[in-house]
Amino acid sequence: MLWLLLLLPLASAAWAYREKNLNRLSLVAAGVPLVSLAIAVLGQGAKNGLLELDGVGFFYLVLADLIFTLVALYARGYWAASHDTHAPAFFAPFFAFIFTTHGAYLTHNLGLMWIFVESSTLASAFLVYHHHNSRALEATWKYLMLGSVGIALGLIGVILVYAVLGGATLDWGEAKGLIGGVNPAGLKLAFAFLLIGFGTKVGLFPMHAWLPDAHSESPSPGSALLSGTLLNVAFYALVRYTSLLESAGLGSYVHKLLLGFGLASVFAAALFLIAQKDYKRLLAYSSMEHMGLGVYALGLGAPWLALLHTLFHSLCKTAAFLSAGNLSLAFGSTDIDKASGSARSWPAAGFAFVLAGLALAGLPPFPLFFAEFQALLLSPAALMPFYLLGLGLAFAGLAGAITQIGFGTPSALQVLPRARILVWVPAALLLLALVLGVLPPAEWAKNIAEVLR
Amino acid sequence: MAILATGFLMVGRRSLTALVRFYALQNVLLAGLAFALSEEGHLVFAGVVLLVLKGVLIPFFLLALLKRLAVSHEVESYLSIPLSLLFGGALVAVGFRAGKAFALPGAALPEAVPVAISLILLGMLSMATRKKAVTQVLGFLALENGVFLLALSETQGLPLFIEIGVALDAFAAVVLAGILIRRIKQIFGHLDTARMQELKG
Amino acid sequence: MSAVLLLLLAPLFTGCLKWVKARLQNRQGPGPLIDYFNLLKLAQKSYIVPETASAVFLLGPSLSFLGAVLAATMLPVFPGLSFTGDFLLVLYLLNLGRFFQALAALDSGSAFGGQGSYRESLVAVLTEPGTILALSAVALSSQELSLASLAPLSAQNLLVYALALAALLLSLVAEGARMPVDDPATHLELTMIHEAQLLDHSGPLLALYELASGVKMLSYLALASLLLPLSHVLAFLLMVVLGLAGLAIIETYGVRLRYLRLPDLLTYNTLAGILAMLGVVLRFRI
Amino acid sequence: MDTPLLALALFLILLQSGLALWWPPGRGFPWTFGTAGVLLLAAGLHRWLLEAPGQQLSLSGLYLALLGLLYLALGPYLRDYLSHQDSAQAKLNAATIPLFALSMVAALLVPPGYSLVFAWEAMALLGYLLIAWGEPGAQTGARWFLLSSRLSGAGVLLMVVALSLIERGSASLWPLVFVGALVGFGVKAAIFPLSLWLTRAHPVAPSPISALLSGGMTKLGLYGLLLATTFQTKPPEWMGWTLVLLGLAGAVYAPVRGLAEQDYKAVLAYSSVENLNLMLAGAGALMLTQDLRFLAALVFLQLSHAAYKGLLFLGSAILPAREIGRLGGLWKRAPVTAGLTLFASVAAASLPPLAGFLGEWLLFLSFLGAKGLLALSAGMVALAGVLASVLYLRAFGLTFLGSARSEAVDRGLEAGPGMRLGMSLLATFLMTISLFPAFFLPKGISVPLLPQFALFAGLLVLLTLLVWWLKKLQHRSYGTWDCGYTSLEPVMQPSPLGYSEQVLRLFPFVSLRSVPSVGVLDPLEQAYRLVSALYQNLASAFQRLQSGSIHLYLLLQFLALLVVLAVAL
């Protein structure tokens, strides 16, 4: 049954390569992840040869499929409104991307996982390249180069782990059992490479450079996918490896590195945020900030919190990117100055953007606030001020732009897209986030993260 | 040693075609090493895949690309050739120094570990300093080879299907890069990635 | 009791002042009772309300007068109402009067009224903190924070009392709008402070203002008299005579300060207040 | 006993928010919001007067009562106010204002834990939306509000986290608790150097929001600080001194700066900063001395501040323009609002016989009763007091009295009946607390008070008699004295800056600039600008890392690898 999760998107990808009907494409694009979602729910905990769906994998798989579905629904309205002749070309990589994402979450083989993560880079490169113009090209090139080098370094880490285990196994579960008695120096080296490798794809400072370019040049549904699912794929790999090294008794070393990179990313993102003039890049840097926060949570030895953080971030950031898509449709520009006052000219879209932005800024009743609160609660006292300072600076970066986009002097509206779905999808995501913010599923996440102990 | 020499030559030569050829040679050598090390069957298979994919397909693909795009055969770099070589030498020294730490107990071929590390470092050097898109791809491929060599020397190779997957991934990446390079040439009229600086801040 | 006394005495005081001044200036001048007649005359006249004016126009003289009278009731010239912190209430009731007086001046919409209003504000900012500090210091050095139970002058509190006396006398000339702060006898609107605010008030309204001004000056004198080592009534009478003489002499031989130079003089008031307070807190002695 | 009252009040407020989606904006507010206000006032006073003093329960009661008062007044007020707004905006406000009100009440009802931070930040979020949605010019103010709220939220977060860690046994974190409380609650109460947000945000907010913010929300900061004193038997000395010193500095700075302000609502905002800082100083002194008179002073200062500042901001809705330089003579156009505003101004200028003076009087006496240098604070209080009275003299006098300085005034209209009722309710409360102050103090706090009733009633009776007599006398209307010329122009009245120029000269830290245009030089704003410029420079220097050069990116990646390897080896 788990194989179905891989075959379905793969087959769809092959079909979508030829198909040109936008309606049919987006319908299938919404259907495939929805069906996958159902399969995943049925197949929770199943094990099937190389594939296995344990709690953490299930968690991310469901999250990814949810976002795929919603983005596909949105994409229908988006492409209809944007009059893009390339639009059908969006879907083949979309399905390929689903395939790689599923693969990464399903496999417990570290080598295969690496392969799927690398393939997800390739599949998503097409999403970035969608517009076929010089900027998109530049972004794709940088994405491909940095991502490939990063992931190659990650491979070194995989190899070293394999070597340290004496070539015995690459299965995560088995490795976790074996790893207790092995050479720590080798594992430390391995983790260094793994961190840089997967960290590049997660978007940690200073390997983040591809992230804003790719996010800003991709069409908005693509940006939403990049931020809402792609980053999680690499993050998921980090979660697995962190748990592996914790089992090897190297927790303190790993945590130190993760905390360091997490905080560095938050601070760097804050400095980038405040100088941003383009709202899609703004959201991209906010992704960098939140991935930093997620890694920080991981470094606190609280994988459940990291899971929650990425979950919340995915929901809010997808809503934000989709709203940004609305704004770019309406104003014809991604300049903050040219989209100001949107809450007056197109209240639904403007408010969705503002609320998503405030959610990303970590204000309650949105759920990221809960995650940040818990992270602070678990932080060592010496790091608390830094954590708060980082959050505050990042917030300062976001606040100005959000205010201007929402409530500044209204700029000229080019078109007012009619499709309701464009507003409903972000609204639904925000509503879901709101519910999670009021009733944060902390216990559930803790149960899920038990696998990682 | 010969592998390292090809690595150095890749840093030192100006001609792009020569670079691609050296890359092919490096792959052949690597494949040979794989055959030499093979005790079980799967390394042989891996060697064959490597030979076909990286030793033949990729170089031909790249050469065809170069020909089609009529790229000048000059390698352009931030560093002059002698400087590149000097830096390369320094990195190799670092690689050898650090490589000892990487040679884990139970490695299949501990002597090759420093070579692999050096190769990786050289690959990164050429990626970070070479301006042309094609040379960056070549740098990446050299890096990838270093990784492969590391896998070979540390563990006698990864499980077969992984190995193939990795190689396919690398191939796909190069093909994708090839497509992009063609588009870069079309849109920008040059292949100089140092001049692609529109996206900033 | 004290209020009645002050109310009755106020016209006499201002009248005497005019009379003494005239004598010092070798003029015949009106008799000392002139202001009683003045007030009677004013009270019988009708008054004018400017067209721009609102209800505040009447509140100004009324509250100015009532504030001064209520403040006077709390002065222990004769034993009467007394409680902790009454000195603050006295000062703030006088402030209440001034607040409405300055508002009423703005109400007429004239250039002079406004001018008088903000000049008065400046005087208030300059004198009030010092006065409050000085009185607070005196009260603190007596342990009991009420006017009726101030400690008698002694070696311990001599410095504090001297400083407080200086501060109070300075505020007397400032709040009473006497020289060198203001010239009550000027007829040039541009140089006025106190009078400029009254320009549009006539008849009974002016009478109220005049009376309030007299009571106000007597109140300050009464406050100052509490610092003298005599019985309250005696000290008050002595202080009134001294004040009369002092003001007459200053207004005969002195000149009015330029408005912009006011801070130079009135800062002494603040300084005296601060020093008095420090004197209490750090127990300075002479 | 008060739980059902509170529950009902919360339900009514929530109900109103929901109803606003269906009903035309404003409808129902007098009944839901107003009733909720009464309930809160009753429940709050019940808690405050009957629960054991010095505990969260009784403290929160005081503030519940204070909020209830404001909601009570806002009920009828909003009915009129919202029906005059354009419909989309009114609808949004009608749905959001109750939620904002709810979050403030919630912050008072919950113990200091996660839910406190939640309510605190929700309050920030909703307040931000309410300000930002108001007018296009509100952007900057809204951003300031949001940023400061975040700072405040971070402080509260720190406090709460440290508290819960202490519960688990790390007692060394106590300083962190108080630092967090000082920043978190201090910023919300506009503690001196961090007060700029208030004077930016409150003027641009719609009038009822300003009233809620200034009258209600800022007090929650004081609530938090007082709450923090209950955590330990005695809060640390440094905290008390910080509050006293910053509070006094702010209490003098703010009215001076306000005198240089030409915007009527900004003047009110600066006056809020002055009042709040005075209260902060009082709270700090309370921590240092444990003298209950300070607490009593705070009670009267806060209750009356909520009433008069609420009234003043509500009244500011009728102004046809915000610049004082374009106003004048509004009394004629809106006599009721003007009269109520005058009443509130007298209280705000802390003049007897109103409760504002009672609070200040208590503050004086308790400062004088304190040992050592703390007694010198009385001088600062006096200075702040006189400056505040000049501030209101100028604001009220130039706005409502005299003659109109521009045609804008012709558009001025009297407030509607609901708005007048709302303001009158606040005035009535102010009157009540001025007449019967002893009722508002619980038994645990017995301090000598002024003979308020005699004073107030006496003054009122005498004043009525006097004015009645004056009115009866013969009088006539005539032109203002103009030295015999006949061309008295409205521009000859003092201008707002002209009025305060001389006073400003006394305080060199705020100066007026005439070149290139008339403006204010404020060191606090300059310091903010400097810090912000420095940070912006740092940020733009940092942008070089994202220069667009892929080679740089690869190099960075490489360096990161080297660094991590160095850590690993």
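The letters A, B, C and D name the chains in turn, as written, and every chain counts its residues from 1.
By definition in this document, a contact is a pair of C-beta atoms (placed from the backbone, for glycine too) under 8 Å apart; a residue touches a chain by one contact, two chains touch by 3 or more.
Note that this is a predicted model, so its numbers are computed, not measured.
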Chains touching both subunit B and subunit D, listed by label: A
Innermost chain by mean C-alpha position: D
Comparison of C-D and A-D (more C-beta pairs in contact): C-D
Chain of greatest Cα-centre distance to subunit D: B
CA centroid of subunit A to CA centroid of subunit D, Å: 42
Whole-Å gap separating subunit A and subunit C, where each centre is the average of the chain's CA atoms: 75
Interchain centroid distance [CA atoms averaged], subunit C/subunit D, Å: 35
Whole-Å gap between the CA centroids of subunit B and subunit C: 96
Shared interface positions of subunit D, touching two or more other chains: 543, 546, 550, 554, 565, 569
Residues within subunit B bordering two or more other chains: 101, 124, 127, 136, 193, 196, 198-199, 201
Two or more partner chains touched - positions in subunit A: 141-142, 145, 149, 189, 212, 272, 275
Contact graph of the chains (line, ring, star, complete, other): other
Interfacial residue positions of subunit B with respect to subunit A in the complex: 101-102, 104-107, 120, 124, 127, 133, 136, 140, 143-144, 147, 150-151, 154-156, 158-159, 161-162, 165-166, 169, 172-173, 176-177, 180, 183-184, 187-188, 193, 196, 198-199, 201
In the complex, subunit B residues that touch subunit D: 78, 98, 101, 124, 127-129, 131, 136, 193-194, 196-201
Subunit D - residues contacting subunit C, complex: 328-329, 331-332, 335, 338-339, 342, 346, 349-352, 357, 361, 364-365, 368-369, 372-373, 375-376, 378-379, 382-383, 385-387, 389-390, 393-394, 396-398, 400-403, 448, 450-451, 455, 458-459, 462-463, 466-467, 470-471, 473-483, 488, 490, 492-494, 498-500, 502-503, 505-506
Residue numbers on subunit C that touch subunit D, as the complex places them: 46-52, 54-56, 58-59, 61-63, 65-66, 70, 81, 83-85, 88-89, 92-93, 95-96, 99, 102-103, 106-115, 117-119, 121-122, 124-126, 128-129, 132-133, 136, 139-140, 145, 189, 199-200, 203-205, 208, 260, 263, 273-274, 277-278, 280-281
Of all residues in subunit D, those that touch subunit B in their complex: 543, 546-551, 554-555, 558, 565, 569
